[in-house]
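First chain A sits with chain B, and in the next complex the same chain sits with chain C.
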Partner chain A sequence: MAAVAERVIPGRGAAVSTWARANIPLVLLVVLVVVGTLFIDEFPSSDNFVDILQSQSFMGVAAVGMTFVVIAGRFVDLSMPATIAVGAYLALSVHGDLWGTAGAVALLAGLTIGLFNGLGVAVLRINPVIATLGVGSIASGLLLNKTGGALSRSHSDGIANLVSGRVAGVPNTVIILLGLVAAGQLLLVYTRFGSYLRLTGANDEAAAAAGVPTRLVTIVAFGFAGVAAAVTGIMIAGFADQADIAVGTGFEFDALIAVVIGGTPLAGGRCSFARTLVGVAIVGTMNNMMLLLGLPTSSQLLVKGLVFIAIVITDRLFSRAEV
Partner chain B sequence: MLKRLPALAEARSLLLLGVVWLYFDLSVDGWFTDATFQGLLGRAVPIAILGAGFTVCLLSGRIDLSVGANFALSGVIFASVQPHRGLAVAIIAAVLAGTVVGAINGGLVAGLGVDSFIASLGTLLLCRGIAFVVSKGEPVNATDLNASLKFNESLLGPVSYRILVLFVVVAVCHVFISRTRVGRDIVATGGDEVAARANGVPTRKRITVAFMVSGTTAAIAGATSALGLLSGSPIVGDQELLAAVAAVFLGGAALTGGRGSVLATGLAAVALASLTTGMELKNIDVSWQSVVIGGAVLIASAPALRDAASRLRPARRVGPRPRTEGEADVPA
Partner chain C sequence: MTVPADLGPDVAPLAVMTAVGKSYGPNRVLHDVSLTLAPRCRHAITGENGAGKSTLIKILSGGVSADEGTVFLGDVEVKGDSLVARAAGVAVVHQHLSLVPTLSVEENVVLGQTPTLAGFVSRRRMRARAREVLDLLGLKIDPRTIVSELSFAERQLIEIGKAVIVEPKLLLLDEPTAVLTPAETDRLFALLDRLQDERGTGLVYISHRLAEIYRVCRTATVLRDGHQIADVDLSTTGSDELIRHMVGREVDLLTSRTPVAEADLGPVVLETRDLRGPGVHGLSVSVRAGEVVGVGGLVGAGRSEFAALLFGMARRTGGEIRIEDVPRSRLSPAAAMRHGVALVPEDRHRLGLALSLSTGANAVAPSLRRLSPGGKLRRGRVRQLAAEVLQSADVRPPDPTATASSLSGGNQQKIVLGRWLPTTPRLLILDEPTAGVDIEAKSTIHRRIDELAREGVGILLISSDLPELLTMADRLVIMREGFLTGSLERGDGWTEEEVIRLATRPVPGATEAA
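Up next is the complex of A and B:
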């Protein structure tokens, strides 16, 4: 198919617009912040900004995990709510001398669930959406079986202290989030796994033909997502000192929206964890603004749905123009 | 080939159903009774109806993940409208909402070329969002108690009007897919979209129709469920979606499209409902149902397992066949 250039010579404005196009999320964030500052009284205070990051850090960690899956071209991990709930439950219920035991068990559980997702997608070749829905259903069924639907309460202060503290005024949860974003970015850019991840996402078959172990990459990507979800669960458990089986509800879509709004295309390939961070900031700002505007929680979901569809359409229109 | 395959799928589903029923007849007292079957078929209603629509959409090569949220939304709409405008208007409003959702999906997928998984995730959020706004986050109660009782009343043995809807929807969808021009176009689109278009099939229109069918059936399921329970809730639908997906794949439909049978899906739905009903009768904890359905989804939808299974089937004959396919009653 011959590709005919639609524009022959780029004008001067093209440089700016190209930058803007590539950095739409950042621009959007700035616009949101400006609008918020101008129109909402309680918005522009350092307390509020810290609050935004703080409240979104849980979802942010999940988004970091989701980013691995999206970069690998595997769309989404819909088992996250279940994994988060499992992580929270284990963090609260496992007895051990050190808080580390509960945390470690929770992380291991997250990894296991993630590996099952990965195996389903990579080895059994099940569609990621269906596979993660199925695995998630199994995980939440098992959790329900174990807890009987009851609330889990914490037995020790270890995790709570870790999660609720602050260092130099910055909440620990935010530090954890930033740390994971940095780790993810380093992994992506400086390791072979990172290149494999991007190649698999860009073109699965070509990567496999070129010798990339795409199946292993997929399994590891889902494994990371599972661990991230477990971390989210641990953080929530530490923060709230209790958790029921529904703690994870809605995180998967928020995380996906954050990843996509940050500019990582759903088709995979192009990507960066920093973009996800921007996406998290945007979603957080939107949530915050909705809250400050007094929008009832029941309407927030609708707004998110509209935003998601808008992103999807925009993503589609842009990728069309590039072809 | 196309004629023979559905019969195979339906036979498989029937076999599955038979095995499940046999197992429970042997291990549970009073399996084949009106009471048990009323519960069993009642459970099967949303799964089969959602599954039927899902199958139609899948046959076109597209997937509609929004059916669960659509189910919830139409239940909420029905329960909200009925006290103010009556039964008929409530049902029409609820079903129409589902059709509109289907049209939106069709527009995104066929019109803009958005991947159907992603597009329907978006409409899923949209439906949930609207359901929450309309219901203010709480279950909504309908008020026509008489209609609800009548709806659930047994007409013939275990079958009530509500269960009749199951049969009607599955039958209509099956006939639509197998015997109408539009239905066959949909299957052709799913089988080989490029070839279908080359043969003059208006694939984009057909895909939109397929989504409207899955949206409408999801809404029918939601409205009838709300009528039966006299209440609509914004948070339901996820379990029903999962069970419907399991039924669709157990019924032999292909994820890539072009292959599948509404009838087989319906039978598989009844089989799944029988499984969960039987589990409850055996006092197995309800939580295991999610595990079983999740496992069924994984096993039923794994292409790798299917490939392995097809390798176990006897090899195809090479050379001239002694009889044409479909003539099963020629003595060997």
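Up next is the complex of A and C:
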């Protein structure tokens, strides 16, 4: 009996440790929540958890879009701040009851920006950093030209109602985020496009040699990212009832950080939208805890940067060991 | 575990490895390996791909550190510090080229020890050093040439020269002849002989090419799955025995193949007429169903470029490609696949596999369209097909969830070939299908080629392995610098010498000395 037990326990331990290694971000999230619950009185309440999710849902939607780009092996979409601003402005631009149309136009604009990114990267073979920076700059320029940089205010309650509403106590923005994560995950796991996306990201030349239309896949991935950024813009517009040209500033980095903290490697391979959701939750929980502890912004940035780098290094150490 | 070396009792060994072990994560790649290298040694380290040869060399040269055991060079212990190893007189020629392609030959030769004068780079001394290397190798190249403009063979030779020029006491060579022509290989061996005669350099030679091992070395250590299987004296050990040590049992390598009788061949599946494109200058080649047409030539003869054109990976600039008698003017890999063409590319890592994904994901990649009617993936069928491909290609282990990068080169190659079979190609283009794979995988792949030809698949076999071409092909076409320089039928002149003669024949319009 003793011998059997001895053999079983290390086996189970090893399995747990393998699982933990593969899911470092999730483990970190659990640790954060436990620590918060134990040491911060205001932390463990359902209201606070909902707050965390709601405050991060705007960035989270952009992160879902960013995940498509990262899985496709194209690193980053730096045009997101511009796309968010364009989306927000267009959503606010309509008077009266045409807010549905305004939303559709905003989404279409996001899609267009994304397709231009995709064309630049896939067809013109421009480095994604350069291509998306360029396209974003053009989009910002056009928007500035059109609006003169003026603050845009809402003329209609439709979008505001949609964004600020709640279903069974859950904010609609959170529902939108969860819906997009689920949609992305279904697309990734259950469709041909999902398989193509992963192959393209892991090795686009080999994918092409196996008949994967890698250019099309890349263009579609950027298209999704553009649409997601536009959704973020619409959500911000509806929530704040106003938007200026800088409304999307910083979202591209926060979204990328959430994707990477979630554990989707920039080199392709392991990837999922659920991981991105975990990444978003980690960023949100960390921010929330630091806020509750009353840390000044300077310390918050410092901690965020350190955690970001630490988790990437830890992840690489463990995944290298598996090779 | 002593190496039979002419090591007198008073002579200190160059290097002693004792009970060395190494793991990468959960994978143990070396177990308890001990090695003593005498001055003036000519020692081979051999074994199949994945046996641990390269890891052993890296430990000996300080590139990686051993988890267990000790490594001494003279009386200096090397603990994973390549600078220590270098200072102790060890130089390495790595399997993967370490030259910086964007720098010139002279800059590469002195890389890491750039000669300076009062803090400034001394171009004059750098050039002198580079000339020394080039003279030693008998290469007529301007030292200012950018490395990316050189052929792979020239790069490999410079790599060797770079290692030799520091006058090492111990020179480690990891598969140095993979991209060299027979003539260049002979020149390399002459250089190694000279180094040993003139400077007493000890040589450690890694290869799984047996002929080379017997040419260069006197003693050998055989590794299998990281274990030290045997230490042998090559003057008393035959190649059969060596192979048995390497694979652990007899391998039945195909030594002759009977082509499908001409009367039984099917219609022409591929015909090119004066085909032109990047690196290809007017090729007219045809392949019939059931036929194996070999494409011979030196590295850089334009054979892979030819394959890339046929598979729609490069843009045709002239001539015609007819697949099953239909001219195909706009090919992409996806279109080529629809027309029944499959390609097993030469560069397995760049073009073959997505190494960070699972073997299963790689195995089903060309079949995804068929497995996802309406875009929805039939996950059950995907899993089933992945298992089937791995099973029938004899991939070890046949685990569809294993990461592709964890497999040996031979098993990776079995996937790259095997995954095309469910797509039932009618023309299969194989570009160096057995390069860098172990003998066992090679045997499996050769048998599979024969079976496919008998099933009526037309096969275009590009290979630099002359015995392979002569064994497997029905007939040969030979290329040089993008031109067709000849063709061979089985019968008189079906010899390696004749292939080499045609592969080095002056191309049309070229003027050069013999």
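Criterion: the second predicted complex is superposed on the first by the 290 of 323 C-alpha atoms of A that agree within 3 Å, B and C clash if a C-alpha of one lies under 4 Å from a C-alpha of the other, contacts with A are read in each partner's own complex, and residues count from 1 in each chain.
Please note the rule applied: a contact is a pair of C-beta atoms (placed from the backbone, for glycine too) under 8 Å apart; a residue touches a chain by one contact, two chains touch by 3 or more.
Values in this document were obtained by computation on a predicted structure and should not be read as measured data.
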| item | value |
| --- | --- |
| Side-by-side fit of chain B and chain C on chain A, or clash | clash |
| First (chain B), second (chain C), both or neither touched by A:Ala104 | neither |
| Contacts of A:Gly136 with chain B and chain C, given as first, second, both or neither | first |
| Partner chain in contact with A:Ile24 - chain B first, chain C second, else both or neither | neither |
| First (chain B), second (chain C), both or neither touched by A:Val123 | first |
| Partner chain in contact with A:Arg192 - chain B first, chain C second, else both or neither | second |
| Touch count on chain A, higher of chain B and chain C | B |
| First, second, both or neither for A:Val312, with chain B first and chain C second | first |
| Region of chain B that runs into chain C when the structures are aligned on their shared chain, from 184-192, 220-228 or 310-318 | 184-192 |
| Contact residues of chain A, present in both the chain B and the chain C interface | 320 |
| Sites on chain B touched by chain A in the complex | 63, 65, 108, 112-115, 117-119, 121-130, 132-133, 135-137, 241-242, 245, 255, 285-295, 297-298, 301-305 |
| For the chain A and chain C complex, residues of the former touching the latter | 189-196, 198-199, 202-203, 205-213, 265, 267-270, 320-323 |
| Chain A-touching residues of chain C, taken from the complex the two chains share | 24-26, 311, 313, 333-334, 337, 343, 345, 350-357, 361, 364-366, 368-369, 371-372, 375-377, 379, 403, 405-406, 419 |
| Touching residues on chain A, where the partner in the complex is chain B | 75-76, 120, 123-127, 129-131, 133-138, 140-142, 144-145, 253, 256, 266, 296-299, 301-306, 308-309, 312-313, 316-317, 320 |
